[in-house]
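In the two complexes that follow, chain A is the common piece, with chain B as its partner first and chain C second.
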Partner chain A sequence: MDLQRPILLQGHERSLTQIIYNKDGDLIFSVSKDHRINVWYSHNGERLGTYEGHKGTVWTVSVDKKSEFLVSGSADNALKLWSVKTGACLYTWEFPTAIKRVQWSNDDSKILAVTEERMGYKGALRIIEINKEQPTQQAAEPKHFFEPAGSKVTVAAFTAIPNEIVTAHESGKIAKFNYEEKKQIGENEEAHQDSIMDLQLSPDQSYFITSSKDKISRLFDTKTLDVIKTFSTDSPLNSASIAPGSHYIILGGGQEAMNVTTSGRSGNFECRFWHKVFAEEVGRVKGHFGPINTIAVHPQGKAFASGGEDGYVRVHWFDDSYFRTKVYGELEPVLD
Partner chain B sequence: MSKSSLNLNRNSFNLESSAEVDGIVNELLNIELINALRWSTEVQMRREEREITQDSLDDELISKLKKLGGSIGVRVAERISQGRGSLGNDLEVIKLLCKEIWTHLYGKQLDNLRTNHKGTYVLYDNLYKPLLNVSSSEANAARRLDIYLSTQVGIIQGCLSAFQLDSQVTYDINSLPGYDVDETIAAPEPEIKTITSPDSDVITSIEVRTLPDGKRVQVTRKFKKVLKKSNVNHSVAERKNWPKFGLEKGKPPGPDRATTTVGENVVLKLSAGNKAAVDEPSEEQLMKERLKSKKIVCRLCKGDHFTTKCPYKSTLGDLDSAQDSTQTPDESNANQGTATAASTTGKYIPPSQRAGARASGAGPGAPSRDEYPTLRVTNVSEDTHEDDLKELFKRFGRVQRVFIGRDRETRASKGFAFVSFEMRSDAEKALEKVNGMGYDNLILSVQWSQPREK
Partner chain C sequence: MENPADTTDYTDIYAKHSIEPINPLDSIVVLDGMPIISPEKQSKLFKALTKAISAKAGIDVSDDQFYMPLNQGKSDGYIFLTLKSSNEANTLINKLDDSPFDSKHTFKINKFSQIDAYLNASDEYTEPTIPPHNPKDHLKSWLNDPRGRDQFLTHLADDVQLNYNNRNNPPETTHSKHNWTNSYVSFSPQGTYIGTLHRQGVILYGGPNLSQVSRFAHPNVKLIDFSPKENYFITWSNEPIVLPPPGSSTLCPFSPEDQGNSLAVWDIKTGELLRTFPTTPGKMPWPHLKWSGDEKFIGRLVPGQQISIYSIPDMNLVDKKSLKIPGVVDFDWCPWGDKDAQNAHSGKGVRENMLAYWTPEVENQPARVTLMAFPSRQILRSKNLFNVSSAKLNWHNQGDFLCVQVNRHTKTKKSMFCNLEIFRLREKDYPVEVVELKDIVTFFAWEPRGERFTIITQSDTSNSQQMAPGVLVKSCVSFYQLDKTKGDFKLLKTLDNKSVNTIHWNPRGRYLVLSTIGSQSKFDLELWDVDYGMDEKKEDIAQIAQVEFYGVTDIEWDPSGRFLAASASFWRHQAENGYAIWDLKGQEVVKTSIEKFKQFLWRPRPKTLLPKDEQKKIRKNLRDYSRTFEDEDAAEESNVSAELLTQRKMLVNKWNEWRKLCREQLTQIAAENATGEDDTTVEEWVDEIIEESEQVLP
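What follows is the complex of A and B.
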């Protein structure tokens, strides 16, 4: 079975940090260490524009459901709100440390920002209300601010339940917080053995996938934080994504960039497809020259994009045979 | 065709230089150098407050180019004539110039050489590369040629001066490349034909190019055009017509090849079962596969790998495990058996091992010194002490005695030693393993010791 020839997006000069699709799947936003945010048409890889203004590595980006507003967090301690259409920066928040992860809430009224633990500041979570009527007039202070005790938060996401966010930590723990009451409402200390690099929710947000440096990716139940499935690989994982419309999850990683030149073997720079239910690897996609830092799947599961340490984004569209193939034959569960 | 002949007169002088040139650099010189030098010359003349006219500038430029060419020529000639010894006469020098140096500079030999045997040589080149890109149809071509050829003249002068020949070089051009002379030389435009058939989606484009050396190259590209239609919601359709912004501002619609390319075909084989099991063979395995036909024997463990890759090389302690893993008990028994069985197989057996040897010895009771199975170890480093060898060999079994041959006066090691074991099987093992082993920067050689002459 073939994939179509991938589209290579070469708009970045340094390694990718995050890629996201918008809700309709027609736009891809990519951010990298070269201070730039790019937006691309996903169907042909044409670059629609760039968002210029950050002065440091852009760690994270998130777009609202209508594809009107974009938020981005950077190592220059700035969180910026952009107009998706014009590329204009509408508002800038300044925080004491770098912003590692941002996300729009489900109702597009708030954003979540995770800041780095550095220079005496603890890693913090901020919830900021966004004024969409007058985008250039925003509250400078976040609505909610709290600093979770213990190991720092690396990634976080809103869940379907109001006031609730799920967090992943450097120690390998995952937890749930109620940001209104600023308290932890659940945790799983044994989720991973090492720093969690990525956390992506399933389309219905009932479960989520994590990937960690301990070479393991796991599916967790959002309600109970129990492990549903474990995917154990042979290299550190930087990103994991659930592919809607199929039974697969896509994992990406590879040995750490700093170790690439010192270890002779090829670095396993492949996107690995695992079967979600049988928890077995079913395929691999080659292409990157360096570790894969981020993976995003088209919201309808028609394509996926991977961004690597090599500075390339590779967009693969699946063909019909991908959806027809039943790897496990009769055993395959029926999709909704 | 461009024909140029160069007349050379000889005298003798010397030129000092420091430059280097290769074939391709020479071609680039004419393109880049002249403009750069013209500019710097102009600046210099202005600084010296000299009158600047087109002619005076050109003359200054030509003399500079000649000097530069001269220094290049000396270098080239020195490089080519290196290790060739002195050349007999002028003709030899000119021949060298025609063949080796010309090939080095222009990638071809000279086409013809004439002389009046009084010091004048006429060299003909029918396809003189530096002139290939000069067109006769342009205005004041002759003047431009003076400039273009001055470097080349300088190079030839420099070459000759390297052989202690002073020379005067002039040139005469029969014809320049141009449209009116020969079409193939005048950098023809590639012809591109695009064939689109309405029935199929395949677009064929045929490009015919003529290379400077007259070869015709035809490149055929086939594209398959697939129109993909999809229904999208209103907002997506609207977004498709957004104007570009940021770095892309003002760019035409459609993917820009600077940022968007199509990668190589990627295969995704979806199949059950763990991919780790059918992982690609490692480099080491591939190397092994490649060397399968060749015989590689490790000096340490006799395995089929390089000694440096030997898993047992790092520590001597590993020798113990080596003998267990590489030699099964069956084998070692078989080795012991050889002592008795060998005489029938015709294989050489050291006398000490022969069946009769033991019987003819001192008889039962405490065996004499010679009775112990003894190994003769040679190529032992001078620093090696008896204890070191004992340490090395006791891993194979109980060592009865270690003797290092020493100089009677200085007590310095002579580089050989005898090691006696109590058990023959241990000695055999040691022989097997230690023979060829690296020890203190030397490779040990171990044989059975010959019994002393009676």
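What follows is the complex of A and C.
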């Protein structure tokens, strides 16, 4: 990969758990095990501010389309709503267990929260309506609450269909739920062989990418949950992202820290670029010296950012040659 | 009440435990072929017979056990002998039947009971039924590949795969077997058989479908070793042989005298057990039994005492005596070279088998290396050595040279150094040359079919500070070549300050690979050309390529010497197992990382059948030949790229179609959800540049 020098975001003291771009792509939000939420200018890596208040690992973060409101979920069992601009915490929900994944709905009217299975509590999904008019006045109870049977949910996302969310599970299964009816409406038990670590939807939400500890990443049709493509690698994958405006997907992972010390060289801590249609690896970007935990791509596909176990966020802006180079000549699919 | 036991049918149990009634005639034998004598000489004859039977069969008989029927005052040439038991009769027949009694007479011995059977035999001839002939698979079928490709075997997790190595493309898997072996897989030396190890024993596979050729029952077999011409093989189990309980239905090739032994020698073609041996106590070197190059003998070392050599396939101790060599530490046979095979084929005299052994210093006797011809047991050459700590025998694979690597200590025993004693075996009187070195030799390798060798040396660190684990000891690599005019070996080149520890010569010579195995940090494979300056008629040794394979544990050249394979085996470490293949120039053909990859083996090839002059012709017209191959390669390449292109086109079309469908569905959903009011807000953004300035920072 021919890339400009990456921007190194040094503002976390412990490993990264999730990074996201806002819709405009000018901001990057990053959360970490150091209890902190950072926001950065994506173009130069300057830190804009922090959101202080969590007392545990912040597992997840999501921002609405207008970059007004931020939600975050943490191991301190708190779900917080923040003002992006002021950094003030507007509201806090308390749940019995840690929040592993949050996401704004497409119309920015509600959020979903995935909570951990622990201490007698089953892993649960909650849908919370957000009052944007009076952000400090929120309903304490979620609008919808349900506990999917079987293997616990690790990550989830809203789809383009109203009332529908897609979930990924620890067993390697993926499923779809109608949260209004609290009903499973589809599943693929054989999606992966091991825990699914991340799930990111395509820009039009018609397909999504998963990454799993089984070293495989896959594209699934959101409607049918059928496998569209399979990308087999040689190390456990923590995150996968679809790069808009190109034919690539980006995978990140690496040997787990406990297994790394025994082997003499880096445990594949590279961002791997794969052609999503031909399912062939086309390049790698080195840099992290620990497993990559999270990858996010600029909404217009102009850059990507990776967050690692090493506590760094690396932001890469693609240069012209990235867009010009035709690895497979003229034979390329139609871009979305 | 009726006792149920009375009605139970016991016949099956009776049948199982029935004892053959003892035939009293079984202990009587008939000695035939005896001299025809008058009764006066009877006692003299009986005396001679008693003597012969006692000497040869170890059975003591007295005169009253003999009965010689007379016919018209003369004997009829046969004598009855009543023995004490049927067993004794068996022993007598085994030992004496068909053996000479005196210069004119030969023992012909039969049991009286058998004679009875012969008398009762039907006079009518019945045609024996011949079982229908089952054609066997063509065991060398893999050599029929029209493109002459070599095969290799990969063993990953519980699967074994056999693949063809393609020159320019990824390999082609021809066979895949699940749960084929309980431990490892082994090829026979010429590639005909694949041996797999199981709890019950060994199975050999072969032929186009890799079907079972033969099975050999040796419980808990751990190691196998094929003979050079792959007619026989040896199995070893750490558990001594135990016979199954009597009456058990398990098939067992072993007999009572095999009990407690742990090595078994088998005939592959018949599937029969030839003999079993015990292992000598203490550390067990492998191979434990050593095959002579022509496969006619097998040698077994009893350290410190003797070498016992058995002939094959009868497995008798040759000349009924071992080679008594007090103190003997190690021995090995001279390999069978192409030259020997050629001589044998053309009917010329074949060099007698040779073996070398060494004995350490004892009291006033120096250490000694001895070269002996066998079976004549003639000592061809021996060399006395002094201040010897240990020695290692390195035979040249064509049987042309023998290098004895002698580790010597200084008088004070404080430091070690090495001498190489090199025997030239194709010359008269077997001259010996010495190469004296100041360092210790950690690796020695002859160039196969060549007159060169390469060594890795290190200065002696055994007495200085212990090296920290993982730290690489610096070593030197030296190349030597036979100088034919002087008859000694001269140093060609020394590479200093290397950290390699193994050498792998190309099976065709000229090229070699230097590598570091078992290191935590170095995984380089250096390809060297020892005839680099050949085109300019210069002697030059140069590195031509360097490749890397993380965690490399094994390195092997393919039989043609055109490809090099390295693998990282799960058996050695669990970090990134897999294998890679490069061509001679270090160009990567394939490199894969496979979880739980265990074994990589090239399938050996038998020796070429092409006579020398034909080979020469090919070498002379190499350009013409290589042109056809180049054309083939080009055709293949364009074929593959065409295939790939169609494949990609298909993928692209499929993707585009699916995306179109997705878009249609999305528009439909959007239409369904449009509830009348349009929730998209139109916002107008005005960008205004207030000021733009450019500054150049110093």
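Keep this in mind: the second predicted complex is superposed on the first by the 332 of 336 C-alpha atoms of A that agree within 3 Å, B and C clash if a C-alpha of one lies under 4 Å from a C-alpha of the other, contacts with A are read in each partner's own complex, and residues count from 1 in each chain.
What we mean here is this: contacts are C-beta pairs under 8 Å (C-beta built on N, C-alpha and C of every residue); 3 or more make two chains touch, one makes a residue touch a chain.
Keep in mind the model is a prediction, meaning the values are calculated, not measured.
Participant: Would you mind checking whether chain B and chain C clash or fit side by side on chain A after the superposition?
Facilitator: clash
Participant: Is A:L225 contacted by the first partner chain B, the second partner chain C, both or neither?
Facilitator: In the superposition, A:L225 contacts neither chain B nor chain C.
Participant: According to the stated criteria, A:E52 is in contact with first (chain B), second (chain C), both, or neither; which is it?
Facilitator: Only chain B; A:E52 stays clear of chain C.
Participant: May I ask you to decide whether A:Y328 touches chain B, chain C, both, or neither, giving the answer as first, second, both or neither?
Facilitator: Both: A:Y328 reaches chain B and chain C.
Participant: Taking the superposition on A as described, I'd like to know which of chain B and chain C A:F278 touches: first, second, both or neither.
Facilitator: A:F278 sits against chain B and chain C alike.
Participant: Let me test your reading of the model: by the given contact rule, A:S206 touches which partner, first (chain B), second (chain C), both or neither?
Facilitator: second
Participant: In the superposed model, does chain B or chain C contact more residues of chain A?
Facilitator: Larger number of chain A residues touched: B.
Participant: So, does A:D107 touch the first partner chain B, the second partner chain C, both, or neither?
Facilitator: The second partner, chain C, only.
Participant: Figure out whether A:D234 sits in contact with chain B (first) or chain C (second), or with both, or with neither.
Facilitator: Both partners, chain B and chain C.
Participant: Go through the superposed model and pick first if A:L8 touches only chain B, second if only chain C, both, or neither.
Facilitator: In the superposition, A:L8 touches chain B alone.
Participant: Once the two complexes are overlaid on A, one stretch of chain B runs into chain C. Is it 113-121, 131-139, 185-193 or 275-283?
Facilitator: 275-283
Participant: Under the contact rule defined above, give the chain A residues that sit at the interface with chain B and also at the interface with chain C.
Facilitator: The overlap between the chain B and chain C interfaces on chain A comprises residues 234, 264-265, 278, 328.
Participant: Where on chain C is chain A touching in the complex?
Facilitator: 520-521, 550-551, 575-576, 593, 645, 648-649, 651-652, 655-656, 658-659, 662-663, 665-666, 669, 673, 679
Participant: In their shared complex, at which residues does chain B touch chain A?
Facilitator: Within the complex, chain B touches chain A at residues 228, 230, 232-233, 235-236, 239-240, 242, 244-249, 253-256, 258-276, 280, 282-283.
Participant: In the complex, go through chain A and note every residue touching chain B.
Facilitator: By the definition above, chain A touches chain B via 1-3, 5-11, 24, 26-27, 40-41, 43-52, 66-67, 85-87, 234, 264-266, 272-273, 275, 278, 280-287, 314, 316, 322, 325, 327-328.
Participant: Okay, in this complex, where on chain A does chain C touch?
Facilitator: Residues of chain A touching chain C: 107, 160-162, 204, 206-207, 221, 223, 228, 234, 259, 262-265, 277-278, 328, 331-334, 336.
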